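Common to both upcoming complexes is subunit A, partnered first by subunit B, then by subunit C.
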Partner chain A sequence: MPRGFFFDNTRCTGCRTCALACKDFHDHGPEQAFRRVIDYEGGSWKVADDGTVATDAYGYHISLSCNHCTSAACTKVCPTGAMHRDTMGLVWPDMNRCIGCGYCTMACPYHAPAIDQELKRSSKCDGCHQRVAAGQTPICVEACPLRALDFGTTGELAERHPHDFDRCTRSIMPLPPKEATTPNLFVLASPAARRAEAGDGRIANREELGL
Partner chain B sequence: MTESKATVSRRTFVTGSLAGLAVASATGALYGCTPAADDDLAATGEGAETAPDTVAWSQCVVNCGGACALQWHIRDGKIAYAETDNVGDPNGLQARACLRGRSLRRWINSPDRLQHPMKRVGKRGEGKFEQISWDEAYQIIADKLKSVIDTYGNEAVYMNYGSGVSSSTSRLFPRLANLMGGYLKSYNDYSTNMMCAGMPFLYGDACSPYDNVSASSISEAQNADLIIMFGNSPAETRMGGANIAWDFAQVREKGGKIYHVDYRMNETASGHPDEWLPIRTGTDAALVSAIAHELIVNNQVNKEFLDTYCVGFDEATMPESARGQHKSYQDYIMGTGYDMVEKTPEWAAPITQIPAARIRELASEIANAKALFVAQGWGPQRHSNGENTSRAICMLPILTGMIGKPGTNTGMREAEAGGLVGSIPAGKNPVEVAINCYQWLNAVDHGATMTAARDGVRGANALSSGIKFIWNYGGNCITNQHSDINLVHDILQDESKLEFLVVVDTVMTDSAKYADILLPDAMRAEQFHMANNGYAEYYLGVLVGEKAQDAPGEALPEYEFMTGIADKLGLKDAFTEGKTQEQWIEELYRQSADAIEGMPTWEEILEQHHFKMEAPAAIGFADFVADPTANPLETPSGKIEIYSERLDQMIAELELAEGDNIFPIPVFDPGFNGYGSVNEEFPLYCSGFHHKSRTHSSYGGVEELKQVARQQMWINPLDAEARSIENGDKCRVKSAVGELEIEALVTPRIIPGTIGIPQGSWHEADMDGDRVDKGACINTITPYHPSPLAKGNGVHSLIVQVTKA
Partner chain C sequence: MSGFDSFSLALFTTLAPAGVVAFIVLALVRLTCRNHDEAVRVDRIIALPFAVTLIGFIASATHLGTPANALHVFSGVGTSPLSNEVLAAVIFLFLVGAYWMSAFKVNFPDCLARPWLTVACAAGLALIACTSLAYSARTVPTWDTPYTPANLILAACLAGPVLALPFLALARVRRRSIERALVVGAATALVLGTASLAMQNDDLATIANNEVSALSLAPHYGLIIVAYAVLGALAVAAAGASLGRALAPRGVLALRIIATILALSGVFLVRTVFYALHMTVGF
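Presenting the complex of A and B:
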């Protein structure tokens, strides 16, 4: 059964604790990240004659790492089979096989893999597979102050979030449509994310994300 | 310390995978096909046996008011990474650290840590120092302290406000100074200054922003059907997993309607845009006044509550001295007193930028609420009109009688629960004289002319001396977190004014650059330590933490070097009472454990390290509302004083600067640099806000945090467009006192006409050159204009111009 992340977009405050816990655990500096937070926002303003204002502005955040997709694009393009799905359903690059060609970085619509400049090899979220194998959660899940992240098999997630799991979607703006890779990402969409479906929003933190 | 199963990190990942590659190359199998490649563990280099981590418990002790737990994983004597509180139910009480706590090791292990005692050799603020020995530092400090006291008296010695460390054994200078006859005291703090001054007149002298009597616990909002937050964003101020941000998520999920009255769509409202009611910064009291108007004209005030529990709503309950003078709150609102202007929604609309119809809607929702929970953060009061604003916000629950009952709050910020353990006692300060914490710079500059009536001196009519000796521990309020950094710099150049400044810190902060003697402090992770739960979370707890690694260089725990100074003064025994820091902690812990049921024994806490217990929920002023005769407030009347006779008398005695106002009732007064003050030169309002990347200026040097939470000025697309500013552009922000450079975040999440700048960023300017602050510290541009009553830092009242750099 595939494993993936549950993400409660109604709770997320964009605090980035998930991202910094991940950086700390994986010893990444400012330039490297397995998990990132997208700030997405939109809406406009009108100023009336009396100086009062009206707006339909919205803003929300998406905590995103690798979605360990069922139809992972990264594994399909990998010429050596390094990028593989392990026995727990987690997708990550085998260091002994990876040649650092970077095809995976180009194929993934979520920008999950990146070439580690030190190793010259592909590098991405491995779901903290060693922690998971030891019965722990990925470090980001245990870190979230809002308990907005969870991780497990789809069955486990459905069981732990009985009221929310059926209402989850695998894509909110600006993520690619779920058909692209069938991500194992289950998002409980916020009211702001529903407003963004109109398509007028933008990513507000491109610099931070390296986009 | 305990042992934990080894888990993956990039260190082992790197070592392991390189080793794996070497083997693969040697066998000519670079492209795979080694049998080991099928083994998940070998593929990440984790197959080999690794020694288990040692784990040490600790805490993040900066002043966000959270006190989140950390479990340091230690390898080779050095902190490798952190886990946080993962004990118990993940959806229950877990003091999970926020992004800053998860980055604390970057600060602890920073190459920028101060490692040796140092003596200034350049000009103040130049940052030029030479290394000295601890013994020399002790002697210089002891000699100077004695000579200042001998020459100017104890009132010339001052401990500056600083809040970077909260711990049972920190901030020990008062204990030493009190053994020498004391020091000039300070009152209030930079967080709640105007509120601390104003609220006692409304709710009584016992009213404090830090209790669970004057306010309800946040859990009470779960029982409300309408929740109104004025400038109160726990997702940016109280972010930890046992902090209010988490509690507030549960409030939302209970289903009550929520409004965030704020000039920004703050992060607590992110994801929930309908909760945001945009308002011009500094005008909350105008909104409240217009709502009051609607409640009055629609006969929706709770007259029974106002008559029973309050003084001064209308003529019926005015005190004798103010009768027949149209000085009641109703007179103010209806335009029959004070400024004689009726506070209609149409009056408030252009001030607040909220359409009149929207104000009427909100008033109607308030009138129809079954349980109304109003809470204000500390931003609205951090304005030049903060003494009025903080009281005005409380008028919503007062007018509707939504106080003291389930689901209500008093209008103060949500309650705090207190703590379990005490601190090393400071002793008694024989000096009775006090200044507001924000007045230290004036006291350095012209202290001997400062008076009670003009400058808020307490305990005497005037100061006897200027401040000559400052002790600055774990704080950055000399420059970065004070105001008008350029002015501070100029005043501190004159060494005949402030003769001696000791700074104790862990890194070279901007304030530290001004030190005459700079002492390197060990961090909590580098010593045995203990602290309570924080004030930004509603539970009771204590953490007894271990030393995880050695302090760098010669850095020492504060207790050790304070003992060294005491020794030079012949006060060692009096200072230590013969105890080590460890012995103090044990004694303090045992005192609490003996008195409080349910606390683990000393032996048990040394095993488990962290103890937490639920605090009983509180409803603000529940006792007073249940029986106002038996449980009066500490006002002269024992009631809520909407009109304060005491304040009216005090106003008559004050010597206020031109344009500064205080009123005996909670009015809207724009205040210095407030609404209406913008002009051609400075056409925009500007406010600071708390940012996820720092707690004030703590953590400001951590690159990993700067990368994910950039220092950006929030500006509305309409204001940006008018200045040809695009997202990401470098901009200059200029006020009457300074100029800074900052990147623009052009965002619809801020109201037009006001910009927002995250406070606490590290000042970085050529002070002998153009003084343009490339670090974008907001206090480069905040004027030093103490507020009318508190004499505090109303620094969110600010007008600026923004240009593309």
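Presenting the complex of A and C:
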């Protein structure tokens, strides 16, 4: 059974604790990040004739790393088989096979893999596979102060979130349509995210995301 | 960091397909040679299209972060389009390089040269096909279009015949019918290639993800297509002028080298835009 992340978009405050815990655990410098937080904003405000102000502005945050997709684009294009799915269903690059060609970075619509400038190889979220093998959750899940993140097999997630899991979607703006890679990301969408489906929003922190 | 270096990859996709087509031209000339001395001269000159393809191949390898693991590339043959491309390149380079060296043998038998060159030509066609399909990633909407293979193949059919002309001059093989066919072929490929690029540029307006429109990735594509057409037309004109009977051999060679530089420059420009057009279906 595939493993992936549950993300409660109604709870996330965009605090970045998940991203920093990940950075700390993997000993990353400022230029590297396996988990990032997208700030998504849209809408506007208007001054009416009577001087009152009305707004339809909205904003929300998406904590995003690799979604260990069922039909992962990165593993399909990888020429060496370095980018592989392990026995737990997690997708990560084997350092002994990777040539650092960058094709995975080009194919992934979530920008999950990147070429590590020191290792000269692809690197990305491995789902904290050693922690998962030891029965723990990934460090980002453990760190989230809002309990907005969870991780497990789809069966475990459905069991742990009985009221929410069936209402989850695999894509909210600006993520790609789920058909692209069948991500194992289950998002409980906030009202703001449903409002954003109209397509008038935008990522507000492109520079922070390295886009 | 993506690790994709557009300069080295644009250089590879400019040089390698052109080198392959130039080799195929020389091989066809060699296969139809009746004169032994002429055949030997063509055999020697085959080093040049081989070198052009090899330089392209080496350029493409310079963007690899860890080339030490390169042998693992063959494990992806059949599944990864990049593995298919590398395998095709290795087979082509091996066949042509080994042919060139073997042909130094005195009395290199024609019965060996003919099938060898035929197989090498087939390997060359396979290399162009694999290179044109190397970017068919479903999640990259600007690359996953019929224009990607069409543009690469038509660019090879422009630059390849032009590149073959100075090689024929250096081999002192002057066959009017072949030379005329090469110029006409290059001109046809230029017209079709320019049309294909223009259609692709029109099509960009229909491609967008949740954040980016494909048009915004290459705002000057129209101008670059015009530059491609102009450089290509000048290349064809220079190549055509080199067919003049009154020209001294040195003048012929000079015109053909200029034509080659012009054609390769035009192709390199549009190849650079190809990499700038990268985007995914995401954000």
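Going forward, the second predicted complex is superposed on the first by the 209 of 211 C-alpha atoms of A that agree within 3 Å, B and C clash if a C-alpha of one lies under 4 Å from a C-alpha of the other, contacts with A are read in each partner's own complex, and residues count from 1 in each chain.
Assume a residue touches a chain if its C-beta (ideal position, glycine included) is under 8 Å from a C-beta of that chain, and two chains touch if they have at least 3 such contacts.
Since the model is a prediction, treat every value here as computed from it, not as a measurement.
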{"item": "Dominant toucher of subunit A (residue count), subunit B or subunit C", "value": "B"}
{"item": "First (subunit B), second (subunit C), both or neither touched by A:R121", "value": "both"}
{"item": "Subunit B versus subunit C as contact partner of A:R16, first or second or both or neither", "value": "first"}
{"item": "Which of subunit B and subunit C A:Q130 touches, first, second, both or neither", "value": "first"}
{"item": "Partner chain(s) touched by A:P30 [first = subunit B, second = subunit C, both, neither]", "value": "first"}
{"item": "Touching partner for A:P177 - first (subunit B), second (subunit C), both, neither", "value": "second"}
{"item": "Which superposed partner A:A57 touches (first subunit B, second subunit C, both, neither)", "value": "first"}
{"item": "Contacts of A:C78 with subunit B and subunit C, given as first, second, both or neither", "value": "second"}
{"item": "First (subunit B), second (subunit C), both or neither touched by A:D86", "value": "first"}
{"item": "Partner chain in contact with A:A107 - subunit B first, subunit C second, else both or neither", "value": "second"}
{"item": "Set of subunit A residues, in rising order, touched by both subunit B and subunit C", "value": "80-82, 96-97, 99, 119, 121"}
{"item": "Touch list for subunit A against partner subunit B, complex", "value": "9-17, 19-21, 23-31, 33, 36-37, 41-45, 47-48, 50-61, 80-82, 86-87, 92, 94-97, 99, 118-119, 121, 126, 128-131, 134, 136, 139, 142-147, 190-193, 195, 204-205, 207-208"}
{"item": "Partner subunit A, residues of subunit B touching it in the complex", "value": "5, 7-11, 13-14, 16-18, 20-21, 24, 29-32, 34, 36-37, 40-46, 80-84, 86, 90-91, 96-100, 102-103, 105, 235-236, 239-241, 243, 245-246, 249, 252, 265, 267-268, 270-274, 276, 278, 346, 349-350, 352-356, 358, 692, 703-710, 716-718, 727-728, 745, 747-749, 751-752"}
{"item": "Subunit A residues touching subunit C - in the complex, by the definition given at the top", "value": "38, 73, 76-82, 96-103, 105-111, 114-115, 117, 119-122, 173-177, 180-181, 199, 202-203, 206, 211"}
{"item": "Partner subunit A, residues of subunit C touching it in the complex", "value": "1-4, 63-67, 69-70, 72-73, 75-76, 79-83, 86, 137-140, 209-211, 278, 280-283"}
